[in-house]
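Shared between the two complexes below is subunit A, which pairs with subunit B and subunit C, respectively.
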Partner chain A sequence: MTEWLERHIPKMVLAPSFIAILVFVYGFIAWTAWVSLTRSRLLPKYEVEGLIQYERLFASPRFDTAMMNLFIFGTLFIIISMVLGLLIAILLDQKIRTEGVLRTIYLYPMALSMIVTGTAWKWIMNPGLGIEKMVRDWGFENFSFDWVIDPDMAIYAVVIAGVWQASGFVMALFLAGLRSVDGEIIKAAQVDGIPNWRIYSAIIIPSMAPIFLSAFIVLAHLAIKSFDLVIALTGGGPGYATDLPATYMYAMAFSRGDIGQAASSAMVMMAVVFAIIVPYLYSELRTKHD
Partner chain B sequence: MTDIALTTAHSPSRNWGRIALRWLLFTLLGLFALFYLMPLFVMVTTSLKSLEEIRTGSLVAFPREVTFEAWRTAWSGACTGIQCEGLRPYFWNSVILAIPAVLISTILGALNGYVIAQWKFKGANLIFSLMLFGCFIPFQVVLLPMARTLGIMGIAGTIPGLIFVHVIYGIGFTTLFFRNYYVTIPQELVKAAKVDGAGFFRIFWSIFLPLSLPIIVVTVIWQFTQIWNDFLFGVSFSQAGTQPVTVALNNIVNSTTGVKEYNVDMAAAIIAALPTLLVYVVAGKYFIRGLTAGSVKG
Partner chain C sequence: MKTSVFAAVSAIALTCAMPAVAEPQAEVLHWWTSGGEAKSVAVLQQEFADNGGTWTDMPVAGGGGDAAMTALRARVLSGNAPTAVQLKGPAIQEWYEEGVLADISSVAEAEGWADVLPASIAGHMMCEGTWCAAPVNVHRVDWIWANADVLEANGIAMPTTWDEFNAAADKLAAAGITPLAHGGQAWQDATVFEAVALGILGADGFKKAFVDLDMDTLKSDGMVAVFDQMRKMRGYVDDNFSGRDWNLATAMVMNGEAAFQIMGDWAKGEFLAAGKAPGEDFLCASVPGDGFLYNVDSFAMFNVDGDDKKAGQDLLSKLIVGQNFQKVFNLNKGSIPARVDVALDDFDSCAHLSAKDMNESSDNGSLLPSYAHGMALRGAQSGAITDVVTAHFNSDMSSADAVNMLADAVANSM
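And now, the complex of A and B:
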C-alpha cells in the first residue's frame, strides 16, 4: 500500500491542478464555443443553431469598429514599442555610467496597473486642462490636442498610453539580447575598422531575431488583451469609437445581456490569439527537439 | 600596431566628433527619461494642488501651495458611485485578496513544477503543454462560464470567489516558473535521495525548497503584480463592497456626480499604484526576471 502510494504521489499532487486547468480552461472554452453557436441572449440556451451569432457579429458596425481599432492599435502599438525599445536599448548599451538608474526609469510603467496608466494619461490629455492648455498658455493660442474626445483620433491616444507603458519592457528584452551577443565577434569587427552603426545593423541586430519574435508575441498578446487601458482612458468612447473586441465582449456580457454575442466575440479573440501564438509555440517546441 | 597609429593620427577631429556624439547620446537618453517620468511627475504634483490652482496653473508646474486634502479625500472620502468611503476599503479588499491568492498559486506552482521537472511520468509533458497553453488564452473566453460557476458554487461577488479565480488562472504561470527552475537541478539528486530512503515530500522539503528562494521571490512578485493590477476579473466577478482597488479607482475617476476633482483622481491613482511600485523599486531585479521569464517561454 505505502509503496503504491509512494509511486503515485507525483500524479496525485499534479492531479488537482491538471483537473482545474482541464475544466476551467478547456472545459470553459468548449462551453463558450458551444454557446456561441446558439441563440442565447440574457440566459444561455444550448440548442445549436449554427453560425448566426457570428453572422450578427460581423454584420455589426460596432464590432467592425472594434476589429479595425484592434488592427490600428495593435499595429502601431507593436511597431512603435519595438522601435522605441530597440533605440533606447542601443543608446543604453553605449557604456553609460547611469545605466541602472535610467533603466529603472524606463521600465517602471510596467509595474503599474493599466487603470492607473489610463487615469494618468486621461488627465494629461484632458483637452481643457492638460497638454492643450499648457501649450496654449505658452502662447500658441491655436494649438489643439483633443484626441481623447475626438472619435477619429481617440484610438491614437490609446496607442500613446500603451506605448508609454510597454516600451520600457521591450527595451529590457532588447538590452538583454544586445548583451548576449558574442563579444569576440564585435571586437573583431571593431579591429577591422567597421563603423559602429554597421556592427549594429549587420551583426548584432540580425542575431537577435528570436528576441524580436518574443517581443512581438508579448506585445501582440498585450494588444489583444487590452481592456483596462481603454476602459480607463476613454471608456470605449466617444460613442464606441475606441471599442476593442475585449470591451465589446464585456459590454455584451455584462451590460447588454447578449450572451450569444459575448461568446462569439470571445471566440474571435481566441482565434486571433491562436493565429499568433500557435506558430510561435510550434516553432519553439520544434527547435527544442532538434 | 597600424590601427593605433591611424587612430592617433586622426585624434583631434575624432575626439570632437566623439564628444559631440556623447552629448547627443545623453540628451536623447535624458529626453526619454523625461517622457517616462512626466506622467508620474504630473500625477504627484496634481495630487498636491488645490482644484483652484489646477484650473489656473500649468499642468507641469510645481504646486504653489502644497495641500494633502486630495490625498485624504482619495483615501477615505471619494465617491465610487453611491458610496463615499474613498479607496480605503477597496485597498484592503485587494490586500486580503492578493495575499492568499499569491500564496496558494505559488505553492501549487512549486509542487507542480517539482513533479513535472523531477518526477516525470508518462503524459507529464502533455500536461505541462496544456497548462502552458492556458497562460495564453484571452480571459474573455472563460468569463461567462466562470460567472455561472461562481454562482453555482455560491461565491459569486465575494472575495473568496476572486481568490479562486486568480489561483486557477495563475497556476499556469507559477508552474512554468518553477518547472523551468527545477529542470536545471540534476536528476541524480532525487535518485540519490530515493536510495537513501527519502520520499516525495521529504525530498521536496529538505532538498528543493531550500534551493528555491530566488524563484519563489520571482513568482511571488509576478503573481502579486498580476493580481494587484488585475481589472478584468475584478470588475466581472465582484459587487459593491467587494471590489478590488483597480475597480474602485476606475469608479472614482469615472463617477459623474459632482465636480470633477482631478487632484483626488491623481491621489487615488498613486495610492492604487503604490504597492506594485514599491515592489518594483525594492526588488526590481526579480521583477524584471519574472517579466522576461514570463515572455521568453520554454
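And now, the complex of A and C:
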C-alpha cells in the first residue's frame, strides 16, 4: 500500500494543476487559433473561413506600426536594460560602503506597477509640465524634449520609461551572478597582475552566461506583453504611433467588436514569443540530456 | 409599508391561485457613473420604483463603455442577459443579429413613439421593423464653443464658413492665443474631423461617405479638401495637446487660453458647472456648414425569461421615452430630449438652438448620425476611419496619401 502511494501520490498531486494548465493555457490557445480562422465580430462564431483575418491583419498599416514598434521597443529595451544593469552591478560590486542603500534604490522601480511608471513618466516628459519646461525656466529657451508628443520619437520615450523600470531588476540579477563567481579564480588573476577590466571581460562576464540568458528571457517576455506601460504613458498615441501588438489586440477585441481580428493578432504575438522561447527551451533540454 | 402591501397583495394572489400581475423587475447595465450622469440615472431609478418596479443597478465604469460591453458579452454568452443595456447606434442592430434582443413594439406603438421621435433617430431604435430600443437623449456633436471675451477683444464674430474660421484663427494666433483647444486622443481627432467633413462635403456627401461608405466619395477631391482643412486645424492647436482630456481643453476656452473648441454638447456641462452663462461668458454655435450630427444614447432590451422581467422592460421603455424623464434627465445631462413634444422652457439657449436645428434638419434630411461617436457605422469600420484620421492629424502625411489610406482601411475592415 505505502509503495503504491509513494508511486502515485506525486502524480495525483500534480494532476489538478496539469489539467488546469492543459485547459486554461493550451486549450485556450487552441480556441484562439480556431477563432482566428473565422469571421467572428461581436461574439465568437465557429465556422472556419480560412486565413481572411490574417490577410486583413497584414494589410493593416496600424498592425505594421505595432510590429515595428515591438521590434524597436523590444530590441532597445532589452539591450539598454542589460547594459545599464550590468554597469550598475559592476560599479556596486566594488565593495563600496553604502551598497545596501544604493542597491535598494536601484531595485525599487521594479516594485512599482507599470501604470505608475507610465503615468509618472508621462508627466516628467510632458513638454508643458516636465523636463522641457523646467530646463526652459532655467533660461535655456531653445531646449526641447518633446519625444512623448512626437509620433516619430514617442516609442523611444516608452523605451526610457521601460528601461528605468527594468534595469534595476537586471542589476540585481547580475549582482548575484558577479558574487557567485569563484573568488579563488579572481584572486589568482589579481596575483598574476591582470588589470581589473580584464578580469571582468575575460573571466567574470563569460562565466555569467546563464545569467545573461535568464535576464534576456525575462526582459523579452516583458517587452512582448507590454501593454500597461503604453496605455498609461501615451495611450498608444500620438495617433497610433506607439501601438504595440498587445494594445492592437485589446482595441480590436474590446473596443471594436472584431474578435476574429483580435484572435489573429494574438496568434501572431504568440508566434513571436515562440520564436524566442523555443530555441531557449531546446538548448536547455539538450544540455540536460548530455 | 410599501413592501408589506405588496407582500399582502401577492399573498392574496397566491392563495386565490390566480395568475398574479408580475411585479416589474429590471436589471440595468449602464456606464453612467460620473457625477451628472449618475444623477441622471438616479432620476430613472426613482421613477421606476415609484411605479412599483424593482431596479437592480449594474453600473460598469471604464473605457468609455468598453468594460460594460465586455461584461455584457460574458452575460449573453452565459445565457443570462441583463434586462436592459445602455447601447447605441448600429451596435443595437449588431446585437439584434446575434438574436438576443427583445421586441418592445407593443409599448412603442401604444405610446406612439413613431409620432414623437424624429424619423432618422427612430430608425436607430428599430430592428427589421420592430422596436428594440428606447432613446434617452440627443447630444449634438457638431458644436463649436467659444470664449465670448476673447472673441470680442479680438473683434471676431462666430465663424459661419471654414474660411472665416481660418481667418479668425490666424488672427488669434497672431495675438498669441491658441485658436483651437483640442485634446490629442483619437476620438477627439475624429470629432473635429467629422465636423470639418460635414461642413466641406455637405450633408449628402457626409451621408455617402460615413453612412453608406461610398468608395467614390471617400476618394473624392472633397475628401482631400477635408484633410487639407484638418492639416490647417493641426496648426491651430497648441504644442502640448497630446493625450489631453476633452474637459481640460474646455477649461482652456473657459479661462481664455484658447478661443474655440469643437466638441459635443457635453462640453456645455463643464461651462455651466464652472458658473459660466451661455451667450455671455461662452458662445455656442453649430460648426460651419449645414446639418446636425447626433449622438443618441439609448437602452436596448434583451431577451429575458419571466413575466416580472418582461413587465420591467415594458415599464422601463415607457418611462424612458416618457415626457417627464426626457425633460429631467436631459436637464441634468446637457443634451436635449429625443422626443420633439417636450416643453423646453427650463432649458438654456444652446439647447433651444439644438432643438430648433434638430427639427429643421429632420425635415430637410440633414439630420445625420455621428460617425466619431459610434452612431453611423459599426466598430470595425468607424475604428478603421479613426485610425487614418488620427494618423494623418499626428504626422505630416499628405492629404492625397490620407485619402488613399482611408479607402484601403475601409475596404480592409469589411
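Simple rule for what comes next: the second predicted complex is superposed on the first by the 275 of 290 C-alpha atoms of A that agree within 3 Å, B and C clash if a C-alpha of one lies under 4 Å from a C-alpha of the other, contacts with A are read in each partner's own complex, and residues count from 1 in each chain.
Methods note: a residue touches a chain if its C-beta (ideal position, glycine included) is under 8 Å from a C-beta of that chain, and two chains touch if they have at least 3 such contacts.
Only a predicted model underlies this, so the values are computations on that prediction, with no experimental measurement involved.
Engineer: Please work out whether A:Lys11 is in contact with subunit B alone, subunit C alone, both, or neither, and reply first, second, both or neither.
Structural biologist: First partner only.
Engineer: Looking at the overlay, does A:Gly130 come into contact with subunit B only (first), subunit C only (second), both, or neither?
Structural biologist: Touch status of A:Gly130: first partner only.
Engineer: Contact-wise, after the overlay, does A:Pro109 reach subunit B, subunit C, both or neither (first, second, both, neither)?
Structural biologist: A:Pro109 sits against subunit B, while subunit C stays out of touch.
Engineer: Return first, second, both or neither, reflecting whether A:Gly235 touches subunit B, subunit C, both chains, or no partner chain.
Structural biologist: Touch status of A:Gly235: both partners.
Engineer: Where does A:Arg62 make contact in the superposed view: on subunit B (first), on subunit C (second), on both, or on neither?
Structural biologist: Only subunit C; A:Arg62 stays clear of subunit B.
Engineer: Comparing subunit B against subunit C, which has contacts with more of the residues in subunit A?
Structural biologist: B
Engineer: Once the complexes are superposed, what residues of subunit A are shared between the subunit B interface and the subunit C interface?
Structural biologist: Dual-contact residues (subunit A): 122, 126, 235, 254.
Engineer: Of all residues in subunit C, which touch subunit A in the complex?
Structural biologist: 63, 66, 69-70, 73, 76-77, 91, 94-95, 98, 184-186, 189, 239-243, 378-380, 383, 387, 390-395, 405, 408-409, 412-413
Engineer: Mind pulling up the subunit B residues that touch subunit A in the complex?
Structural biologist: 3, 25-26, 28-29, 32-33, 35-40, 42-43, 46, 54-55, 58-60, 108, 111-112, 114-116, 119, 121, 124, 127, 129-134, 136-149, 168-169, 171-172, 175, 199-201, 225, 228-232, 235-236, 246, 249-250, 253-254, 262, 265-266, 268-269, 272-273, 276-277, 279-281, 284, 287-288, 291-292, 295-298
Engineer: Can you check the complex and tell me which residues of subunit A touch subunit B?
Structural biologist: Those in contact with subunit B are residues 6, 9-11, 13-14, 16-18, 20-22, 24-29, 31-32, 35, 44, 88, 91-92, 94, 96, 102, 104-117, 119-124, 126, 129-131, 133-134, 137, 164, 168-169, 172-173, 176, 191, 193, 211, 214-215, 217-218, 221, 224-225, 227-228, 231-232, 235, 245-246, 249-250, 253-254, 259, 262-263, 265-267, 269-270, 273, 277, 281, 284-285, 288.
Engineer: Once bound in the complex, which stretches of subunit A touch subunit C?
Structural biologist: Touching subunit C: residues 41-43, 56, 59-62, 122, 126-128, 146, 148-149, 151, 234-241, 251, 254-258, 261 of subunit A.
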